[in-house]
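Look at the two complexes coming up: chain A is in both, with chain B in one and chain C in the other.
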Partner chain A sequence: MSGADDTRASGSPGPLRVLVSFKVTPDFEALRPADWAAGAVEAGTPGAGAASATGASSPGASATAPRDEVASASGTHAAPRVPTRCVRRVLNCFDESALELALRLSDTLAQRGGGADLAALSIGGREIDPHLTTLLALGYERAARLDVESDLDFAPAVVASLIARYVARREPCDLLLLGCCSGPGDGGTVPFRVAEALGWPCVSQVTEVEALTGGGLRVACTTDEGLLRLTVRGPAVLAVGNAVVSRLRVPTLRDRLARRDAPVAIVAAAELGIDVAAELGREPTALRGLEVVDRARRGVVVDGATPRDKARLLYDAHLRALLEAP
Partner chain B sequence: MDLSREGIVEGLRRIVAPADVVTDEKILVQSSVDNFRKLQNIFDVHTMPVPAAIAMVHSAEQVAAILRFAAEHGVNVIPRTGGTATEGGLESAVPDSIIIDGSAMNEIVGIDAYNMQATCQCGVPLQALEDRVRELGLTTGHSPQSKPVADMGGLVATRSIGQFSTLYGGIEDMVVGLEAVFPNGAVTRIKNVPRRAAGPDIRHVVIGNEGALAFITEVTVKLFPYFPENNVFLGYTLKDMATGFAALRAVMVNGYKPSVARVYDPGDAGLHFSHFAAPDDCVLLFMAEGPSAIAQATAAGIEALVAGFPECSKVDSAYIETWFNDLCWDASKITAEDERIRQTRNVNRTTEVSADWGSINDIYQAARARIIAEIPDITMMGGHSSHSYINGTNMYFNYFFNVVGVGPEQETDKYYLPIIAIICEETLKRGGSIVHHHGMGKARAPWVKQEYGSSFYILETLKTAFDPDGIMNKGTIFPL
Partner chain C sequence: MRFAALIDGTTAAAPLQARALAAFLADGLTGDGPTGDLGGETVIFVADDREAQGLVALAPTREVRLVRAAPRRPDLMAESLLTAARGGEIDLFLAPAGPWGAELITRLACRSDGAALTGVLDARLTGVPGAEPAGAPGADLAGARLQARANVYSNHMVGRFELLRRPWCAAIDASWNGGRPLSPPAHEVLPDTAASADAAPAASGDARLDPLTDVELVAEPPAGSLADSRFVVVAGYGAGGPDGVGRIARAARRMGADFGVSRPVVMNAWAPMDRLIGASGARTAPAVCLVVGASGAPALHWGIERAAFIAAINSDDHAPITRNADAVVVDDGVAVIEELAALIDPHGRVETE
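== the complex of A and B ==
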């Protein structure tokens, strides 16, 4: 896949400009099943939103604002849903991969005598700022927060327009990395919407990003048929999926001290010429309902006096039929 | 030692079923360390002597026979149940040790709801016991973070403590009787009574012996009525630990018995409470439980006391309740943490000490400042107090560092042990105890004489009396 010509990404002088857009989400693992059940009940009540049954998400970009207290439908949609106010905020896992992949890309380029200019973006309230400060300590040159109070979960069109407009007006880049989706509502459409708005190609389900010595990038992504490796020249959008690299490195206290004066840029949506409330009114996607799905695994204890007995019992009761099936 | 590795294995196979003698090299290598050198297992780089075999025992008589065999041939023995030790107590300090694994002794022998006590074999997981007694509306009152993965024998052997200790006490307050096997093969049983004054309380020879004196095969612990519906949670933010310690002291000195009473410093609070606490906030929290009248009165009394500290701002109790419900470490969390370490080489360690109210803040401040100044690559240095008493409290140092410039197997030498040294030095300097509830293991054994002072005579005499051949868990409590 090859995007529009670009000097930096194709090996010409100058650092590769990389923007990573990430989302901070409630720690859903810390919620109790009862919390989800309560959300499902409330979502099922009359007037609790109407439109898409699937609920597209705002992956890789927006944030669930604690003040909204719920993982809920956006804009005019009824709230509350699942109560998330009482759990801490964490990086969306796919975005965490994207943030670390960008750092590794920068490390590789630096070892070759080049470099990358890294910037980070997120959307939401002040709860995001500690994450942005951490990224500055890790070597991101700039970190910005689009200050949006509205709950943008299930508002992928609004989120995508904010990101695309930010890239166009405030942070031109060669590569835009974001997670392929996020926890609350896994629609996974934001990367494609951003790419469409920018007129850039989009590679989805990215698992690895490697700088080529002659310029450009080798990008691995998973497909239904297997692993696909592409040569990518920016500008391009990379939507990071189940990457092997899934955890973000941690800055030392000295790293933090060294960047303590680096500011987090707070950008109002209006500065980008976007009226979020109006955009939410036009948002085509909404949460219609929540359903608690029991995904608990069940096990059978194979009890026998010796390992040989247990192996025999396992084989007879559970494996023989599978192995002997035609 | 007068036996080869093969001779040890052969001898064990005469005592327990051959299938119960584990000689798989990979398992043995993994069993050469515990969580003290957990990076060796995470990165599969091992440096410790490899045990000769693991003997899976099913009875006290088998334990006795193995101990007699080991004593006869001078073979080091490492008692083990759940294997969740954090201080090196399960490391093999010398080659060709025998690990006696009691995890197969996992029968809940009896639950006596009238006399409010439960008896179980050493390999019963605490979670299993707790689940069983909960069905009867009871609780053990013991809830360490390791509850989902730790077994009763190991918990007693290390003087474990749980998150509700301020009400229920540590494991030493819960054990009413036990059975233990000594190196000469003597199977001893301490009967289950509510109290005794027939000389010294010999339970405490066994509780906390860390496998250096005896192997615990059975324990009987107290039970308590369980009233989760009455739990009341309280939380506050504040700006300094001195105020937090003072508030905890006020609660304890005034006779209140919350099950949980904690204060977190800003670094540690940032890991748990960043959704409601500012980056420079400490967090003070309580849980009151028991019959409704007691829980309500306890919470009301604590609220009134904390109101006397205007620096403390109350937060919604739902924050504390939700956090507390997700606090235990189950197997999935441990696996996720191992993967995080594998990818980032950022390691989380903890060291817990105790001291009186007049010293604890000084220990916290001094140790924290020294660690930040002297240890490289620190990414977070914080801690909390989580177990309080009438005369003092504990400090649970919680810290993270990046492993840089050395292999994962050298993490303990470059980072962990120097940090432990600082904490022990600052604690001993102020008269505190260098171990609150993890056990000495091998990690803190070098400070045992300073910890005990002149009373080391008593401890040392126990060792020489019960383990004259020195076969019990070499290097644990007593340094090599």
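== the complex of A and C ==
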């Protein structure tokens, strides 16, 4: 390490190179129950008749209405999806934390006279560009979009290979931050797959990142054991979980004007040597069907004239027996 | 056909993992025939031999293999499973919920050209030949399929997946945590033939080769956590701000209830992260759960759906929580919960009117 504020893993002088990979997802909370039901119907033919798609009893999804995959006219299977094209897009919450954590890391290093070189990456269409422009205004040096039209919602292996290849060919970095999982797949395997492709360690469920003055990073993460802190030396993938830092700062108008000419780089998968269609054909896990989860309960309305009346009725009619039971 | 259940014996999480995997093997894995006939073993990663014997007793299968490993390094642990994975000795690897299991099975699948799926609610094996014994190692598994279900779309839906390549590598859903204790079988400890030299550097503690060092357990999970609560009050974004959340928390304390919050509350820093209930927080199973000012997004519902009784207190009578609750009070949530707290004293006695 060349100096007190040099946190680079390689030992070479220069700022810490940080790449944050993030995802913009549909706001699922904006969809109504009918939208989900329609999505399931669109995904397949209702009425498979099984109590559970696998016949097993699961404590995690006890009451479901199964839907089968659809057989198209050609005999092949259509990909089951909930249509979300018209739903507004939001930053995945874990990725939002990762983006802000990187900015705070950069702030800390700048206060010590050093700095960080921040870059941002996302995969998808033009709807992502406003988010990338915002990141440029906030201080990210570079922002890039991998221009992929294909549906990668349930293709974590393809997503990971794109990110890893981008790091290897276009944006070498000391630290790759990304959220621990994102919808609609929610599998959370992308950080591990990227780390595997790069040959790097991965720390998951990261909640804090702090630059050590002697080099390296002190990272906090939540595990089944509790809260751990550990020192990371060398390039690493950090998958951000329930960080206290959960909101991305908002750029000022001055920030935006200062970076208005900073371009968003548009990169085609082919430029990285990846044939997305072919990679999708090799995806080792396939989504075969979607089921609407029926969470309905009785929904008995407790009525009354005032909050006090309603509290009394709720207690007398429902809570008393439950709370007084041994 | 042979499976391996994977347990991290290098940390205190091993008993929880063992119970969850035992519950999944008993109730979550089905097939053409009785899955009890499937050959399987438990692989327990251990940091040193002293703890090994106590861990063997946890295993959900008769056959147990102990593998030496550096603590908290699933990347290295995956290496020690590769021989069995590539050689076809193990067709299905099952890991517990959580980041350790997810990383282990993902890295293993990547290295062995297998398929990985996390958050598995249940799984079904089909096409396994009825060899004697059923699914014996070496049987022709060309027609065998593994289908599994997992929550998708932020818990709004359940996806049915097929794992297309063996070895099948699955991490079960956290909903299997808290599985009932099963009678342990009589165990047979197998030789550790799977350990590889690749795991040795970190296992020997050579810091130069270990990029993750100075590991310090800062805080253990809080005792009497939300997961064990009998009476829970959950505050949502409808509380309106830190003041409203604070008032709901005080009302909860007054009623003798534990207090939790939804994700929008912690994202606005109205409550600490360790109060989070839901898919990325605590999963509760109380007798009574009062949800105050939360819309009831599926991610939150995952954390409360095992409650015996859910009451929603919300000013919006169209909020999703009103359909997913046993009782619904449509009114200002803070006002109602404070009235309820005034009604019930800390010892659970009702104030007389």
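Definition applied: the second predicted complex is superposed on the first by the 246 of 326 C-alpha atoms of A that agree within 3 Å, B and C clash if a C-alpha of one lies under 4 Å from a C-alpha of the other, contacts with A are read in each partner's own complex, and residues count from 1 in each chain.
Convention: a residue touches a chain if its C-beta (ideal position, glycine included) is under 8 Å from a C-beta of that chain, and two chains touch if they have at least 3 such contacts.
Bear in mind the structure is a predicted one, so any value in this text is a computation, not a measurement.
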| query | Between chain B (first) and chain C (second), which does A:Arg247 come into contact with in this model arrangement: first, second, both, or neither? | reply | both
| said: I'd like to know which partner A:Val232 touches here: chain B for first, chain C for second, both or neither. | reply: second
| query | Touch check for A:Ala30: first (chain B), second (chain C), both, or neither? | reply | first
| said: Output check: A:Pro307 vs chain B and chain C. Expected answer is one of first, second, both, neither. What do you get? | reply: both
| Of the partners chain B and chain C, which touch A:Glu127 in the superposed model: first, second, both, neither? | first
| said: Quick check on the superposed pair: does A:Glu291 touch chain B, chain C, both, or neither? Answer first, second, both or neither. | reply: second
| said: Counting residues of chain A touched by each partner, does chain B or chain C come out ahead? | reply: C
| Given the touch rule stated above, what does A:Arg89 touch, chain B (first), chain C (second), both, or neither? | first
| Which residues form the common part of the chain A surface touched by chain B and by chain C? | 29, 31, 66, 246-247, 307-308
| message | Looking at the complex, which residues from chain B come into contact with chain A? | response | 17, 19, 270, 272-275, 279, 316, 318-319, 321-323, 325-326, 339-340, 343-344, 346, 372, 376-381, 400-402
| message | Could you list, by residue number, the parts of chain C that touch chain A in their complex? | response | 11-13, 16-17, 23, 27-30, 72, 75, 98-100, 102-103, 106-107, 109-111, 113-119, 121-124, 147-165, 173-176, 211-221, 231, 263, 266-269, 272-273, 276, 280-281, 287-288, 295, 297-298, 301-302, 305-306, 308-311, 320, 322-332, 335-340, 342-344, 348, 350, 353
| field | chain A - residues contacting chain C, complex | value | 28-29, 31, 33, 36, 39-40, 52-62, 64, 66, 69, 80, 82, 93, 154, 180, 183-189, 192-193, 195-197, 200-205, 207, 220-221, 223-234, 236, 239, 241-244, 246-247, 283-293, 295-302, 307-308, 310-312, 314-315, 317-320, 322-325
| query | Which of the residues in chain A end up touching chain B in this complex? | reply | 29-32, 66, 85-89, 127, 130, 245-253, 306-308
